[in-house]
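Okay, so chain A shows up in both of these, paired with chain B first and chain C after.
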Partner chain A sequence: MLSVTDLHVRFGEAHILQGVSIAVGRTPLAIVGRNGMGKTTLCQAIMGLVRSSEGAVTLAGTPLTGKLPYQVARSGVALVPQGRRTFPSLSVHEHLLLVARTRDAAWTIDRVYDTFPRLAERRRNGGTELSGGEQQMLAIARALLMNPTLVIMDEPSEGLAPVIVDQLIGVLRTLEGDGMGLLLVEQNLRVATEVASEVSIMVTGRIATTLPAHVLAADTEIQRRYLGVAAGGHH
Partner chain B sequence: MRSAAFRAIGALLLVAAPFLLLVVLPQNQALFWTANVLGRAIVFGIIALSLSFLATYGGFISLAQMMVAGSAGYAVAILVDGAVPTIVGGVPYALAMPIALVVATLMGLLVGAVAVRTRDIYLLMITLAVAMGVFRFVETNIAWFNGYEGIRNVVGPQLFGTDFRNPYVFYYVSLVVAALLYGGVLYLVRTPFGLVLQGIRDNDRRVAALGYSVKLHRIAAFGVAGFIAGAGGVLATIYNIGISPGTIGLGPTVNVLIMSVIGGLGHPAGAFIGSLIFTVFDTFAANIYDRDRFNTLIGLVFLVIVLVSPDGMVGLGTRLRSLLGARRAPQP
Partner chain C sequence: MDLAATIVLNGLTLAALYFIVASGFSLIFGLMRVVNMAHGTLYLVAGYVGYRVFEPLYDADVWWAWYAGLAAGIVAAAVAGALLQWVLLSWMQGQELRQALVTIGVSIIVADQVLAIFGGTPRQFFAPDAIFGSTRVPFVGGYPTFRLVQIGIAIAVGIALWLVLNRTRLGMMIRAGVDDREMLGACGVNVPRVGIAVFALGAALCGLGGVIGSTAQPLALGQDGRFLLISLVVVIVGGMGSITGTAIGAILVGLAEQIGQAMFPTYSVILTFVIMVAVLALRPQGILGRA
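Coming up: the complex of A and B.
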């Protein structure tokens, strides 16, 4: 579905992405890594929000490299950005109206309200008058309503209460059934391993290794080496 | 519910204003107020509305709106029958006015396209530069714009067998045009196009990532604002019985901004409130203080309003209402 080949991003002297290659198929792929390893830059580079200096990004064979962000979005990639970035000026319902284009798509405003009843209750509230969990649901709903081929989520569990994280995992697991691809960037190892079937570990702008989720979840040695998390730290 | 009642009373007052004035003032003064204070305030309010629309919903402060209005005014003056001097002439008002609106819309699109990559102070400067460039061009071009003197005798069409410049005809036509444009703006900002604009003001990168071209939407917003300004420009030209470069000079350009800020950039209604306050002071500065000191007076008024309420008269209203509400709330 999504294929990233030898992608490089430089900010002046800083070489942020040093040849990243990933492939997202029908099943979700997670990328984990410590802070400052280039995970967010990778999301932005795929989206066209930052320019890559080398490498290629294709979605189902269509090249995305060099396209503008709105063109990438139109090609079928939706990004749920880190920090959620809901609009202060728009109400919950207006956020959804902004992206809902067709009535007969898989995701409609009605389905969003069915899936996230909390958003239906708060439909008249402004985008920043919501709790962190509600804002995250709104940011995700906004992406799903675009009915993209692939959703990229940049640390969706950041700052959420554990019970909300469980709810989030439940929603993310349903996306595969809709035929929607998912690239999940996470610091929370539990979210990454419970949602994705494969996990790539990113270290200083490169993919260090890719392994099945259950292997990573069980292997505390790998966790310690690449992520610096203590054994059992994901409970 | 209460605000709906307020709105209905406000609308009724505006419709009845010429007759209410007749009750409280002698006839010649009532006519003067109808056309030269209220009518003029509405017309300039329309031009200020074009700026308020851009600023409130898109966050774009454009100083080119008076020039865009002037482009519509010049289009009418150049085309219509009876203008002095005749430059093209021979075109009836019924055709010249729609052409003028098209010209203003195109001019708005052009300004939007030129300024599309700038924001904040740079947007302000580049729109000012375009406006002043057009101003100087018009002032020195004799063949098309009759230079410094401008074009006179643009009296407007006959309407219902009456002169367009009849105070009542002028007032009600302006009021209807203003109401349509005001309603149009309120409608437009609830459509996806309007939501995208507000999204651009909040975070333009996010809007792009949602699949909308920020550039195209920005340029289109300037086109819409150009159309609004054009309607005001046509009416202003008929009000002034013609147009000259002074109409789009630096002073009038800044005045539009002052009107919008006095009224408040939080809501399009602010454009008309600001324009009314401005017009009243502009008209009566001579009686209150001294004609030559108008700028001092309006400057002081501007300072007081901005100091008391940074979001203008609209913000003042909201603040008073919440103050009253807060005082009433603790009572059982």
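Coming up: the complex of A and C.
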């Protein structure tokens, strides 16, 4: 579905992505790693929000490299960005109207309100009047309504209460059934391993290793080496 | 009493014109973050192109001569604004200083071309009979009807802008783009095209102001600089990107000019800038601007 080959991103002297290659198929792929390893830059480079200096990104064979963000979005990629980035001047309902196009797509405004009843209750509220969890649901709903081939989610669990994180995991697990690809960037190892079947570990702008989610979840030695997490701290 | 009322009404009619012109400037800045130094030039373009259409029709005694001039002026300004964004400014998105310098360059070139083509003689539109003459206003007496119409048009522009921004898909895109341009693009919205539409809309408002203003007072070179300066002061006082703020800024500046001219004519020009300095000192983002 999505294929990233030897992608490099430089900001002036800083070499942020140093040849990243990943492939996302029908099943979700998660990317984990410590802060500052280039995970967010990878999401932005795929979306066209930052320019890559070398390498290629293709979606189902269509090249995305060098396209503007709106062209990437129209090719079938949606982004749930880090920090949610909902629009403060738009109401909940307006966010959905902005991206909703066709009535016969898999995700419609009605389905969003069925899936996230809390958003239906707050449909007239502005983007800033929502709690962190509600904003996250809105950012996800905004991406799903574009009915993309692939959704990129950049730390969706960041700053959410544990009970909301459980809801989030539930929603993310349904995407595969809709035929939607998922690239999930996470700091939260539990979310990554419960949603994705495979997990790639990113270290200083490179993919260090890719392994099945259940292997990573069980191997505290790998967790400590690449992620610096204390054994058992995430369950 | 009569004099005071007349001064206030004069201030409000002037404010109406300033609002129409400055609202276009504010709209463009709000979404595009472009300080369009050629905004006054769009006023000139609308005035002169409109006049070129108006003059032969007026000489032929056609009743709709003024309306044709108005339409031509608005369209000319909108096309000029769209071209400015599409051909020049879109290549330097986000480079604010470069955009400001390019638009200054455009304004100098266009002013010289206007001088070469139309000469230096001032022109003035004649309002159609229906809105010419005078109307009796309480406390003021006879007052030029056209100036009252000017206030009506400004109110209509304000309401129309509010409706466009809050009730249409384009308005939704503009508000979202003001919040976060990048994310608007990531939502699949063709942001460059929205930018051209906003530039055309802002320029059209300036063009409307150009023909209205050139009916109330003569059109000549120098009006471009004057209306650019006024647009800057109005949006700095009112707050960049806020339509209500622009209205408040226009009313303050319009009233200050008229009261100043009546009370202390020699120093009246200073009053406008005193207001601007005071606002900048106490509330740098403008009266209704977001910090």
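Here, the second predicted complex is superposed on the first by the 235 of 235 C-alpha atoms of A that agree within 3 Å, B and C clash if a C-alpha of one lies under 4 Å from a C-alpha of the other, contacts with A are read in each partner's own complex, and residues count from 1 in each chain.
Assume a residue touches a chain if its C-beta (ideal position, glycine included) is under 8 Å from a C-beta of that chain, and two chains touch if they have at least 3 such contacts.
What you are looking at is a predicted structure, and each value in this text was computed from that prediction instead of being measured.
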Joint occupancy of chain A by chain B and chain C, clash or fit: clash
Touched partner set for A:Asn35, first chain B, second chain C, both or neither: neither
First, second, both or neither for A:Phe87, with chain B first and chain C second: both
Touched partner set for A:Leu79, first chain B, second chain C, both or neither: both
Touching partner for A:Leu98 - first (chain B), second (chain C), both, neither: both
Overlap of the chain B and chain C footprints on chain A, listed as residue numbers: 47, 49, 68-70, 72-74, 78-79, 81, 85, 87-90, 94, 97-99, 142, 146
Chain C to chain A touching residues, read off their complex: 169, 172-173, 175-176, 178-180, 182-192
Complex contacts: residues of chain A adjacent to chain B: 47, 49, 68-70, 72-74, 78-79, 81, 85, 87-90, 94, 97-99, 142, 146
Of chain B, residues touching chain A in the complex: 192, 195-196, 198-199, 201-203, 205-214
Parts of chain A lying in touch with chain C, wherever the complex brings them together: 47-49, 68-70, 72-74, 78-79, 81, 85, 87-90, 94, 97-99, 127, 142, 146
